[in-house]
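Have a look at these structures, which come just after this line.
You will see two complexes here that share subunit A, one where it goes with subunit B and one where it goes with subunit C.
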Partner chain A sequence: MKKKWWIPYAFLALPLTMYLIWVIIPIFQTFIISFTDWDSVSPSYNFIGFENYKMLFYDYYFLTSLLNNIKWMVGFVIVAIPVGLGIAMLMDQKYKGNKFYKTMMYLPMTLSFVVIGEIWTWILEPNHGVINEFLRGIGLGNLAKPWLSDPNLVTYALIFAALWRQISYAMVLFLAGLQSVPTEQVEAAYVDGANSWQRFWYVILPALRPAMVIAITVNVIDSLRAFDIVFVITRGGPFYSSSVMANYMYIESFNNYNMGYGAAIAVIQFFITLGFIIWYLINSFKKEDNL
Partner chain B sequence: MTKTAIYKKYLFYILSTIIIVIWLIPFVIAVLTSFKTMDEISFGANWFKLPEKWSLEGYITAWKNAHIYTYYLNTFLIAAVSTLGALFLSSLGAYALSWYDFKLRKPILIIFVAGMLIPFQMLLIPVYKFSVNTGLYDTYPGLILFHIAFQLGFCTFFLRNFMITIPKSIFEAARIDGANDFKIYYSIMLPLIKPAIAALGILEFTWIWNDYLWALILIQSDTKKPITLGLTTLQGQWVTSWNVIAAASILAAIVPIIVFLMFQKYFIQGLTMGSVKG
Partner chain C sequence: MKRGLVFLMVVIFAFSAFAKTKLVINSNASDPAPREAFKKVVALFQEKHPEYDVVVNTFPHEDFKTLLRTWLNSKEAPDVVTWFAGERMRYFAEKGLLLPLDDVFTDMSFEDYFPGSFKSASEYNGKIYFLPFTWYWWSVYYNTEVFEKYNLTPPVTWSQFLNICEVLKENGVTPITIGTKYLWPTGGWFDYLDMRVNGYDFHMDLTAGKIPYTDERVKKVFEYWKQLVDNGYFLENHSSYTWQDAASFLFRGEAGMYLMGQFIKDVAPAEVKDKLDFFRFPIIDGNVGVYEETPIDGFMVPAKANNPDGAKEFIKFLASKEVQDMYSKELGRLAANKDVTPPDAHAQKGLDLVLASDGVAQFYDRDTDPEMATFGMNKFVEFMTFSQRLDVILKQLEFQRRKIFK
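Take a look at the complex of A and B:
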């Protein structure tokens, strides 16, 4: 059958052009800008080699942001994944009404981080915030803390707020993964006398491996690109103590007009993310080989 | 039912209820606060107390004085047009990539997938600069075109994965019947991928509705801001009027929540099918 060679290109012309203009070409431009001292205002700029990158390694605020991203990552992976998995296991029971519970659990996923940020600002607020009022109410007033103004606490407070949504997301992924757990194997293990812990550890968990890989990837990537919630609740403050890389990149580029410097931060973030994307791809290919 | 089975059933209901109650506390607080008067709030911030009188003061102030009405229309416009645009263009691209055999097929597919995984910070500066240079900065088309383009990677990948599961013989048959390529796309492919389009559409609409960062970068005028951006503007002006902020937050959240409750099945499907969006 004769096909005209240009037909697929005709279908692709518009989407591909738009994608190149707004996504692909900018990626390369950011690399180039990261080697300049461009301030976004002056028409000209100089190529300064790796100067921006060198500066970053002596920049206390950048290093704080990087460290905070690592805290986000650890928090997301060691809290959202086990808790999400636990709740998914619970709500996967086929009792009447489990759909209602699941729906309620999903709700935070539909909210924007701006709304989440607004709500959690009151929850964490030091004087009349929900958490502090609650602690005082049950006689633990000495545990009440200025969550958002104490530089040592603020990042953890933000991670706590973000986990609200992140746990829901992990649960969604594990609930989907649980669909593929072979019930015959679980039943066979039961007949063989395996207790529920053994059934979980030796049958269910291995079957959840693909879901686990996806959940880890999603959580790591989300932790690396955290922005909205930090920006809305603290703007990275006080004194950059809760800053994350995306936040610092925005402030340097759009508030301080150090576009070259901001681009260098983006590039570092890109390479860190890339490491995890490669890890993910290798793992998902492994999975396909097994099939 | 054996004793352990009954015991397990109770355990399920008790645990699930406790989790859900804890989970919904932030919502409940926002809703209760939004219906209180400022007098009641300043008198004593008892978060869990029902409003003495269910007052719409917060909603009315938010809607009228704080321009939520304008932000709302903006968000509807931006989210609806961007979603439709992204769905339409990605369905074209995915169609070409799923069923034609041509030289650049693989490289083009890789471009879409790679772009989808790149962190958004890599685009901020050039996209901002491009918008300023082309006059698209601070316009609806500027933000809408960007949203469409940005979502194309994910949408194309998503739809392509769905399309390749459809047997090619259907198309061969249509071709023999004399249908041209666009006709096959339009009257055979599109109807077949309706479920995928629905799942993707719900997800995209929610994402774009909830977008904050790109509006922050590409929109400046107060009259063009979407609700997320408007909400943070509001926070500065009405910082002590918690009922107004709460009401505005509920208003910003209510549309995605309704969409989710109505199309839950598609929402979850889309989320799990496309969980590795970068």
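Take a look at the complex of A and C:
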């Protein structure tokens, strides 16, 4: 039977149309809105050029949010990736109960950030929260802190809560990556007398490069779009100290009726994220060239 | 073929049999008690007006606030929405997104239904856009058990109030609980202190953006507030808590007092409800009139409503004594309709408190611009955490005021 060339396109037509209507077009609309003073209520608005963008750089709360996003990024990359890799290495061994531990480590992945936020609101609660009760219980009561009320601590507390899930995500990526490490090479290194550290550093890690690139990209992008946990646990408070860009954008656009200003924040966030996606694409193409 | 035709006929028949006009109501009454009460209101309307097919969509408060604008602008606007009186309503009326309701009150005037003082909170440019339904008073709620235990009586003056705070603190009880995660409970403190120190007219001018926040008189307000903050009378780490979380400290007797609206009773466990009482916010300056916060909740009709006639029918129904009586009894709240008597002794006490006052305000976030409200209440939380930053905070508030009220 002759293949009909249009069949794959027919299957693609519906999802592509939906993607166009609900994702691509709104992105361009956001660009346009970011040049206006639209309040999201009035039928009319003015074009004000780059005014919103100029204001952003004088806006203390936007800069706080941007800085917090960078803290999230650093936390996700320097904690989630090594720890996730370490756990994946442990899980990859063969020992009794291995499946059980794997499942336990994977469990946080099945929860949404909203649920995680609700759980951690209680864990971090200053008076009766699990962490503070635990610290007091083991005689370290002076380390018990108002995690969510201290403006200097709150962002780290939120990153910590998010890491709980992010680490298990990294672990899953590395576990998958470890399947593609050629066993012959590891065995050959063993025969050549390489110790376990050398085997890891010179054989396994280079083979994990694709998984690493994916893990870094995913973590960076996740840190840039951090929103749910902040929204559920603190709403960016106290007084914007734990705010991230997405959260500040939401407050400005939807609570404060500054849709134009909110759109400008979204555009900046978009370009930063785009930068990392391009970095990822360049890296993955490079890899293909090497093969 | 034949089967398809029969099916089509059945569908057409089904539609014509239920050819009622649809009436869509979007409601923010998402807490269990108000939701149940509103269900009864709608059931009664349905009984009296079988020609309408009433659909009620209920949304959580915070979601409702963000979604409302989208509805008002959409072609598929709901016919009736719940909302707040005052500036919050005016914001939309000014943009032409609401339907004037004056023709609802043709046989009787607005004042025949509601107290005259409600009119200014319900109108814009001489037209009524808001139907007042229920309202409630704010005051200092306290745990009577705690007060009895330490032999305390409700204070009248500021110094008596400070005294009570001190006694409670000495006994290891948090004098005043407050949850500032969602910011707005701080607005109550600012409003009351400002009205007690500077009076109503000043407060209204300030919330309307006519007075700089750096004015000496505003600073004085914060100095009273500072006495409470610096003495550690407020609940520690209040920004970790929602208003309901903070209320549980009062219910458990770990805290003595809470400046809150009557709706605090909606979230109180049954065994605690009767242990809650309230007193008038203490008098600071005897020469200043006594003013209270009495936010009004009610309904509006979007300008783009598909069924404006049905909406007005429903609005008129909501204004009636019968319906308002029923709803206020369910919740122990005060009805806007002036012919409805308070549902219980607690509400009677609240009404007496308001009737004895010299005037009423809505609330900081209902009296001022929404953006100013978010910024202002954030700054109030900051002040309650770092009171030493007061001068900087006032300057920032003033900067924001000038930006918003051009």
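Following the convention adopted for this analysis, the second predicted complex is superposed on the first by the 277 of 291 C-alpha atoms of A that agree within 3 Å, B and C clash if a C-alpha of one lies under 4 Å from a C-alpha of the other, contacts with A are read in each partner's own complex, and residues count from 1 in each chain.
Note that contacts are C-beta pairs under 8 Å (C-beta built on N, C-alpha and C of every residue); 3 or more make two chains touch, one makes a residue touch a chain.
Nothing here was measured: the structure is a model prediction, and the numbers come from that model.
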item: Comparison of subunit B and subunit C by subunit A residues contacted; value: B
item: Touched partner set for A:258, first subunit B, second subunit C, both or neither; value: second
item: Touching partner for A:240 - first (subunit B), second (subunit C), both, neither; value: second
item: Touching partner for A:126 - first (subunit B), second (subunit C), both, neither; value: second
item: First (subunit B), second (subunit C), both or neither touched by A:45; value: neither
item: Partner chain in contact with A:149 - subunit B first, subunit C second, else both or neither; value: second
item: Contact residues common to both interfaces of subunit A (with subunit B and with subunit C); value: 40, 254
item: Of all residues in subunit C, those that touch subunit A in their complex; value: 65-66, 69, 72-73, 91-92, 95, 97, 180-183, 236-240, 370-371, 374-375, 378-379, 381-382, 385
item: Residue ranges of subunit A in contact with subunit C within the complex; value: 40-43, 124-127, 146-149, 151, 234-235, 237-240, 251, 254-258
item: Contacting residues of subunit B [partner subunit A, same complex]; value: 8-9, 12-13, 15-16, 19-20, 23-27, 29-30, 33, 45-47, 89-90, 92-93, 95-97, 100, 102, 104-105, 108, 111-112, 115, 117-130, 145-146, 148-150, 152-153, 156, 172, 175, 181, 185, 206, 209-213, 217, 228, 231-232, 235, 242, 245-246, 248-249, 252-253, 256-257, 259-261, 264, 267-268, 271-272, 275-276, 278
item: Of all residues in subunit A, those that touch subunit B in their complex; value: 1, 3, 5, 7-9, 11-12, 14-16, 18-27, 29-30, 33, 40, 87, 90-91, 93, 95, 97-98, 101, 103-116, 118-120, 122-123, 128, 130, 133, 164, 169, 172-173, 176, 214, 217-218, 221, 224-225, 227-228, 231-232, 245-246, 249-250, 253-254, 259, 262-263, 265-267, 269-270, 273, 277, 280
